[in-house]
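As written, the chain order gives the labels A, B and C, with residue 1 at the start of each chain.
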Amino acid sequence: MASPREDQLAQGVWPALRRRGVSRREFLKFCSVMAGALALPHTYADRIVQALEAATRPAVVWLEFQDCAGNTESALRASHPSITDMILDLLSWNYHETIMAPAGTAAEKSLQDTIAQQKGQYLAIVEGSIPLADGGVYCTIGGRTAIDIAQETCGNALATIAVGTCAAFGGIPAAAGGITGAVSIGQAVPGLKLINLSACPMNGANLAATIVHYLTFKELPATDNLGRPLFAHGDRIHDNCPRRAHYDAGQFVQEWGDQGHQLGWCLYKMGCKGPATNYNCPRVQWNDGTNWPIGVGHGCVGCAQPQFWDAMTPFYRQLPTVPGFGVEVTAQDVGIGVAAAVGALTVGHAVVAGVRNARTARATNQATAASGNATIAVPTNETQTTEGQS
Amino acid sequence: MATVVQEEPATAAQTQRRINLFVWELPVRVTHWVNVTSILILSITGYFIASPPVFATTTTFLGIPGTATFMLGTIRFTHFVTAFVFTISVLYRLAWAFVGNQYARWDQFLPVRRYRRQDMRRMLRYYTFFRREAPPQIGHNPLAGMAYVALYVLFAVQIFTGFALYALAFRTGFWPFAFGWVTHLFGAPGVRMVHDLVMYLIIAFTIHHVYSAILIDMEERSGLVSSIVTGTKALTPESVAQITSQEALARQPRARRKAARLPRGKAEADAGEVRPVDGQ
Amino acid sequence: MKIAIDPVTRIEGHLRIEVEVQDGIVSNAWSSGTMFRGIEMILRDRDPRDAWVFAQRICGVCTTVHALASVRAVENALGIVIPDNARLIRNLIAGALNVQDHIVHFYHLHALDWVDITLALKADPVATSTLAQSISNYPKSSATYFKGVQDKLTAFVNTGQLGIFANGYWGHPAYVLPPEANLMAVAHYLEALDFQRDFIRIHAILGGKNPHPQSYLVGGMATAINPNDMSTLNADRLSLIAQLIQRGQDFVDQVYLPDVLAIASFYKDWGAIGQGLGNYMAYGDYGTDTQELADTYYLPNGLLTNRDLTSVADVSQDQVAEFIAHSWYTYQEGDNAGLHPYKGETNPKYTGPTPPFDFLNTDSKYSWLKSPRYNGQAVEVGPLARMLIAYVRGKDYVKTEVDGVLKALNVGPAALFSTLGRVAARAIEAKLMSRKLSEWLTALESNMARGDYVIHDNTLWDPSTWKGEAQGWGHHEAPRG
């Protein structure tokens, strides 16, 4: 006898959408939009249609550890598919503290049921870093440590999606000054089948695309060497930036609100980290393609990169300050200082050497004058050959 | 191989008979000047990449309309092309350290021989005015050799960080594979900061290098400065004799070398002010 | 008997409640924050211009509020007065969050405590339509529409995979809404999911993205203004903001407020539950000039003590202190001290039970949260506090709305000191803020019409212009308090 779940598996996504009143035309449009989001050729739209029509409704559990729920909120901003689509039609969204109905033991039951009944079949989504210091006391849920929950939940999952830079790379709790021993899910539970959707927060559109990619192609998307999907992190912001032409032309914003700022010029000199950051911000943009940080006139802070809280700060300077020097001192200042110091030493040396040489010459002249008999060596006309070694 | 060459014309100040020696082979001179040119171009373009010129309201350069529409793009392209030339030159020079003549070899740079370590101390005393004369050299003096090792370390850092930054533009393949971990580990701005800083260290080295070359040339009257163009240096027979005997000694088996060597203290004293250079 | 509720869901952060129950009555309760990141420690020795980016990450649900308070603190320390356009843009961002957050709070976080979604399956769509049309002129109110929602819900429930709704408290007698009200609420739960996503695009236009908008600057905003450029705030962007504000006003008026009143009318007993501390405090916010002077605040500053609505005191930041007697921290001068944030210390020291544990040592220290006090006493902040203080301060625009709600529910002012009062206060504030958004947008447009595109004061941007050491404080009335 087929269980309700198996019935659902047989039904697929398209029938589910049809039940929700989505027309065939809207569905096809959605598929081609998805193909666009995944940067696929349009012919793939047909493949997505077929895949979604036959897709199952896999279970998802969303874990929150040292987080701010920003990625949860970002997931709520996804539009194709929307969170409604994902929760009601595409997936069985079984556990997610910020939005789930039950609390306490009833909530824990939702998680435990999923782990027990769908071992190796569900997706684990992890938001927030995992503190390992001092026995994990910096994050507990239901009296259990984050690492304890992560090991059980992710260890039994089909695959794990780390959402946000905290889960993907440690993020802000792992930044310099933090004492909680925060690490990414990949470091906390090694050996997972893992995909890192970094950025602070990750763009909900990329989570939606990752899920559709998984449902469509039955595999996680291809990743870069940091485990981030190429469709979202393959290219550098700088290389896709609409302001790139201004960079190449040497047209830069030099003060906030100056003429260049009002003309949408390049923010490189204001500390923009677009040249160091791989993300699809300029292509997909945020909140249904409405805008993105560089689009509004503020530089990129490099939030999709590992350790960006330390590696990309100060945010408003092109380069970090040189360790050991004050916060006012740039690498250029230090470099010019070193070169100038060497120059000064050189000049000093030259002066001393010059004085000494003059003295020597005077002494020689005096000696020569005293002898009254100039000794001038006779240049030879001989040509000598010296054997050199090779 | 060696050689010689021509006589040295006498001048009033230069009363000593000179022997012209062929020291710097063509690859040494070529890589030197390729490095000089590359460093100059890389420093200028690099400076503009770090602190881009702002063409405030126009795309005009030197009054020609439209010429500045790709100004920084051109600067970066130039920087990249020159970087490859520079890298090849540095690698070629490193290889030549194993196949070139005596004065190009690796052991000119690392103080593996005792007499060169002694010379290094003498050179240091000379530079700090504790000693009047620099010990005579045909190739690099040992202190300079060490400075060049340091310089090549700077080159290595510069090439490495440069390629790490270059790799940022690629999504997959060789560059991210070979260098992606650098920017991921330290962050691209940090790598840029090192790249920027090392440029100034190389400039600082250049200041010192040019000054030392002129200083020693003035001391030795050996044509040191011009030697990097012509390849030949003019040295006094005494200097040559002293160097050749040191070298010959160094080449002998260890036992004989030990026997022939003067007691350490005496050698130190000897090495000092005694040696006549100006013929007096 | 002791019970632990952990995780407390449908909130941001990790909250644990332990309660002592005697004869079915809660006799004592402890709340514990069970997660610590140490952002105060991570912020040390950083460029103060970067601080707001870090501070913003304290919360991703009330995103932007900590950024605003942080950037104001640095401006206060440096003595920077931001340009008028920057003030208006900040108000638009904060006000938009206020509207969006109250709606999300009501529908997606709080409503599942009032609405039994399984009962919605039993509703009659025609009766639901009648109910909806009797309380609002919202266009989506036909029987067909509610039938569609119900069918969708039925199909979803029939899959047996209830997802986030699984293991809910469905069928509990505390749910008192009739099936039709439940169906209407479920329909609006789904509507609100679409609404919040659309409406918050105001943040993307002015802040680049949401969550965590990225256009704050110490000294103003980075939101470039130029009506004659394609990459800046121009007429196209302004009209999109205007349209979204209109959508927000419509949703508040036609969906949110009517739903609050309709649902509240079934839960009037909650007008006597959840009275809380009885002390209400607001710093106030949304001044009419860039000086951010307290007397120009749209939502005024004040302190009400002991539910006394006859007198209101002024609030000053220097009376704020943080206590750690029951938190896992130590203070150099002893753990019973209260420190003003200027002198604040963050020295974590966990003394709780070794995980996994069943209960915390609630007799000693039991939370990662510090306890902020005003003048030594615990106070309630947030929408109810703001509305009460504005009411007592005689702000007509608040008075009218509050009296209107009390009249509609046929309850006295005492009902405000309750869970129901907080729900109502959020809705009233959302309505007021949705109107203020239009005013701020108009003001911004008239500045632009005069050719004023100034968004930032550059004079103290460069750290070399700063003199020695400085300290400052910033504040913001976050939507939830």
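We take it that a residue touches a chain if its C-beta (ideal position, glycine included) is under 8 Å from a C-beta of that chain, and two chains touch if they have at least 3 such contacts.
From a predicted model like this one, the values you see are computed outputs, not experimental measurements.
Peer 1: Testing understanding: with touching defined as stated, what is the shape of the graph linking the protein chains, line, ring, star, complete or other?
Peer 2: line
Peer 1: What is the chain whose Cα centroid lies farthest from the Cα centroid of chain B?
Peer 2: Most remote chain from chain B, centroid-wise, comes out as C.
Peer 1: Could you name the chain whose Cα mean is nearest to the mean of all protein Cα atoms here?
Peer 2: Closest chain centre to the overall C-alpha centroid: A.
Peer 1: In whole angstrom, what separates the CA-based centres of chain A and chain C?
Peer 2: 29
Peer 1: When the centre of a chain is set as the mean of its C-alpha atoms, what distance in Å lies between chain B and chain C?
Peer 2: Using C-alpha averages as centres, the distance is 65 Å.
Peer 1: Using mean CA coordinates as chain centres, what's the gap between chain A and chain B in Å?
Peer 2: 40
Peer 1: Under the touch definition given earlier, write down the residues of chain C that touch chain A in their complex.
Peer 2: Contacts found on chain C: 4-14, 34-39, 41-47, 49-50, 53-54, 57-61, 63, 104, 108-109, 112, 148, 151-152, 155-156, 158-161, 163-169, 190, 193-194, 196-198, 200-201, 203-212, 214-215, 217, 219-220, 222-226, 229-232, 240, 348, 350, 352, 354-358, 368, 453-456, 458, 461, 463-464.
Peer 1: Spell out the part of chain A that touches chain B in their complex, as residue ranges.
Peer 2: 224-226, 230, 234-236, 238-239, 245, 247-252, 254, 259-260, 268-269, 273, 275-276, 278, 302, 305-308, 310-312, 318-320, 322, 331-332, 334-336, 338-339, 341-343, 345-346, 349-350, 352-353, 356-357, 360, 364, 375-377, 379-390
Peer 1: Can you tell me which positions in chain B touch chain A when the two form their complex?
Peer 2: 1-10, 15-17, 19, 21-23, 50-57, 59, 68-73, 76, 101-102, 127, 129, 132, 138, 168-169, 171-172, 176-177, 180-181, 183-184, 186-190, 192-194, 196-197, 199-201, 203-205, 207-208, 211, 215, 218, 237, 240, 244, 247, 279-280
Peer 1: Going by the contact rule set out above, which residues of chain A touch chain C in the complex?
Peer 2: 3-5, 7-8, 16, 19-21, 57, 59, 64-74, 76-79, 82-84, 87-89, 91-104, 106-110, 113, 131, 134-145, 148, 172-173, 175-180, 182, 200-201, 203, 242-243, 255-257, 261-264, 285-288, 290-299, 301, 309, 313-317, 327-328
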